[in-house]
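Each of the next two complexes has chain A plus one more chain, namely chain B in the first and chain C in the second.
After this line comes the complex of A and B, so read on.
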């Protein structure tokens, strides 16, 4: 006699077959993935071999690898943008990590602080704002005539009006400062997480043994906290490589090209000049860099997992 | 620690938090100033507050469209994404079909790519099919962009739920349907909340995609901020400060309420814990 339930709920029983269940669970995500990612990525790869501009009205023209050669060989092109981007990433991530770690250590012992939750909300607020808004209002703060920063400069150091975003030597650093303002709290958050992962017993043991702070830092804290810090640094590296909407409202890549990062250049070529073939090739190159970075991230994750399983 | 030292320490921490918040506070303050007070040299710290800017902003009309778009797009996209991701994450966590690691890698790499590189082919596709400037298609794209993050977070949480629960459920005659939604789902509630909140903040903040594959009908608040910057023949600072003040309420209130999910939300679920 067949079970009663089979007749009562045939729909639910359908999933007793493992393969059907797996397919049903994965179908929605695969549909999304194929429609919005696989097809567009193949389109992008294909188009990178064509000369195609949306504004010219000409049909795409097959040019082989010529787009790639043009990009890689261009003067004042991708190599400058890449080196500028990596300078931005390197300086930004270094400053944010050092400053964030310092703040993290400061906030370490603040469990009983009055109003801690509000204070942390204020501290973490910069990183959840849309960069478009931060960029726009920092232009207001940096303004040479009525900006508050210039006012402070004049009052404290008696300096003349400084056009932070208009001066080719300062613009890059002014943008970097805003990036640091936004993301130092993130590294503070990661430092707090890393410190939280250190077992209390080991710290207390080290304290009782009167191990000096620096040795405690290298032997105990770094040993337990290093993976979280590495993940934080990697996430920050990847994110800062993508920086775009912070810079658009501030300088649009100028003055000259001093704040033109790779994402900005691609945005401009694709959506202002509508140079689609060239931009696709550029995007493919960025895709390769991103894949390398993602692999590094996954590698660190697997290292952590291996250690957790081994321990 | 003596009492005084403790208070000094807390005061220093508060000071640091206030320094980080100062630029935002300055903008919120500016939104209560008149146009001439905003442009005053030297900048005014004390002034007569006025609500005129807010009255002006809400008299513009489009603001309601922009707020409604922001709300509808973010909630719609995130709901779709969380449901789809939960099913996929359950599958990845429990059955580990072939290619799980590769798929997880591909999903993550979407989020690691600079925005224009993601949107370029999608833009061409949307233009070709006439999907531009439509709420539905923009929402679906946002959903797809929120999926990687949700899958990563939810898989982490699902891995932490013992398979004993599934087995018990199945052995006792429950269907998989029952096990997934009634037995396992309640146990990963923190993961669902984290995925929901942080994707919501992401879509709420998103500007580039809305600008490129959206349009006038689907404009959200960041779009409005970037487009409304230059109006009335110059930079319109009253509009910017007022609009920013209205917009930041949501993310700031969210990180206050959901502070314990902040860590998991900012790290794709790869780091767990509270601050």
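After this line comes the complex of A and C, so read on.
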């Protein structure tokens, strides 16, 4: 019987080369990434330098940076939208992280808690709902005439109708509350993952040494779990920055402009007004902001690591 | 044996009588059985699509009764063309809500797709669809199809559903559904003797109760009725109208105040908005529009079409200004016989005569300019069928609002639906009008909706400042697109909500 090597096809021998194997495995993903991510992004970048509206019937007209200047100079425009968006992100992510961490600690030490699985299932249910569905039924829940919240308010506290989504002082917080309801379970998951990464030996050693809980939290738990928590905060920050499909069914950016976030304005310009040049420039600006936020997070993370390695 | 066929009599062939009788019977039977086919062959006009099977796609408006009526009647068209032209047609339908329909249509049309062969478009989109060449201009089609050269009920129909630019002779759409604003009132509340007595005691006038009473009613007089029926402790309110920021709901409701009180949105000839929209009179109209919130149920700032139907059908309000097109949804089984549909009240600006000019609604059919020859032919046949008198009457009987003079002038038209008399009344020239058909309609509408919503919800408290903001923003949009001849003034830089 001839040796195995002599019977192998030339094609199979290609994969003996490690570099070839890696490239072959990566090729489908890279192709997909280039076709559906890189090329559209470059196209977007190019279009941002043109004045082009789909409904005008006119061909694209090169205008250089005019779209960018118009966006940045616009009163009632991007700066107000960004301030509202950053407020939304900051408040939302903070509340979700704190609540999520509390719930994470609650379930971490409760393996024997009766009904734990049911409680966890109910807890994670909002996360699997689509934002449009959540927005739609919360709109009904908040309704001042037919909504459950107002019904309970009337029944329990004899309160008058509260127009959560029509009152400019309440609408923003009403939408934020729904966002927190949806995504706190995500931060709970991240907290549980972070807590799961803490070596049991160190935890037990800290218990034996009777280290106070707060010191245990900072010296042991946070020391090991912070990377996962920071990753969770980063993911929520980026996702929260893009909030659109929750707002559309609830308020459509209203009342007035109180819930008009950057993604909503971009959607309106791109897919309602079909101002492709202007909206491409807007998207490029938002992309730069997202890259800046991500870079800041990674810098902070790597700074801590460098300090620890240096220490 | 002599063959009977060999016998000759004179110069003719002698055929046995039995054979003759059998032959005659066979001929008679085949004529009887074949007559429908022969008639059909004669009745069928020669048509380039005869014998073919074509699939057509219509894009309509989700949750909108008149749009679904057009869709439900399409099998009648299939029967019609089979009989008349000898081809088969089947329809696929897609729908999107009002607020998303233009987006769905535009993203398909921009790729020159035949995804939608016929579209039920909102009237304001004519410019946005016509300017980039997405829909078929119909002047030649009408010239070649005399049945489409219809005597419409009023010039308002042509201006609203057919022409772009405004005032031109360029025809881009044909009316699918006419629509006007009507006042739906609870007749049973009006007819209640106790209510009538109490109203008379309070205001020393009778409660209006007939079409003619409401035809002559002004907003000041109607306000007494709205106030009388506003009883929050009973969970009942006197009035509802649209205030929602979504789509064009607030705009259509506010325009009723603006136009009736003598205001204008813009100068269509010059594209001038600044100085036309943001007059002190229009700002006063905006304040008046907001003032009526006190007669509306809680959450009225979010009332759109669907919410307006809900509050009325659930017995929360006495009267609602609502589109006649949703009459079938407004008059539910429980409300049969309890609803009166009347013209909405006249407005009286200070020092002026009472006047009513309300918003036009409704949708035209538009035809995809990228249809191939086959589908274009079917689309035109569809239009020819749609505007046949019997089709228009059937549409009306099913709850739709046709726009041709012949159908609306029928003696029995007013009796077909409870809103028909008001529909005809408001469709007459000078009582209803549409707003801009400009390609920049969507951007201008968005600014306007934001501004009106901001004011009625209290985010902005200065009506003049809001009107200044809207006028300047819209003027800038039109100037950037080349429609407005002059740039906005320097004072526009200071405007904000």
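Please note the rule applied: the second predicted complex is superposed on the first by the 263 of 311 C-alpha atoms of A that agree within 3 Å, B and C clash if a C-alpha of one lies under 4 Å from a C-alpha of the other, contacts with A are read in each partner's own complex, and residues count from 1 in each chain.
FYI, contacts are C-beta pairs under 8 Å (C-beta built on N, C-alpha and C of every residue); 3 or more make two chains touch, one makes a residue touch a chain.
Since this is a predicted model, take the numbers as computed values, not measurements.
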item	value
Which of chain B and chain C A:286 touches, first, second, both or neither	first
Contacts of A:271 with chain B and chain C, given as first, second, both or neither	both
Which of chain B and chain C A:145 touches, first, second, both or neither	both
Which of chain B and chain C A:117 touches, first, second, both or neither	first
Partner chain in contact with A:167 - chain B first, chain C second, else both or neither	second
Which of chain B and chain C A:76 touches, first, second, both or neither	second
Which of chain B and chain C A:193 touches, first, second, both or neither	first
Most chain A residues touched (candidates chain B, chain C)	B
Touched partner set for A:55, first chain B, second chain C, both or neither	second
Doubly contacted residues of chain A, that is, touched by chain B and again by chain C	54, 145-146, 271
Touching residues (chain side chain A, partner chain B) in the complex	5, 9, 12-13, 15-16, 18, 21-22, 24-26, 28-29, 32-33, 35-37, 39-41, 43-44, 47, 54, 103, 106-107, 109-110, 113-115, 117-134, 136-141, 145-148, 151, 154-155, 181, 184-186, 189-190, 192-193, 196-197, 228, 231-232, 235, 238, 241-242, 244-245, 248-249, 262-263, 266-267, 270-271, 276, 279-280, 282-283, 286-287, 290-291, 293-295, 297-298, 301
Contact set on chain B toward chain A in their complex	9-10, 12-14, 16-18, 20-21, 23-24, 26-27, 30, 38-43, 83-85, 87-88, 90-91, 95, 97, 105-110, 112-117, 120-125, 127, 140-141, 143-144, 147, 151, 173, 175-178, 201, 204-208, 212, 222, 225-226, 229, 235, 237, 240-241, 244, 247-248, 251-252, 254-256, 259, 262-263, 266-268, 270-271, 273-275
Residues of chain C defined as touching chain A within the complex	99, 102-103, 106-107, 110, 128-129, 131-133, 245-246, 297-302, 310-311, 316, 439-440, 442-443, 446, 450-451, 453-460, 469, 481, 493, 495-497
Chain A residues within the chain C interface of the complex	53-57, 75-76, 143-146, 150, 160-161, 163, 165-168, 251-258, 260, 268, 271-275
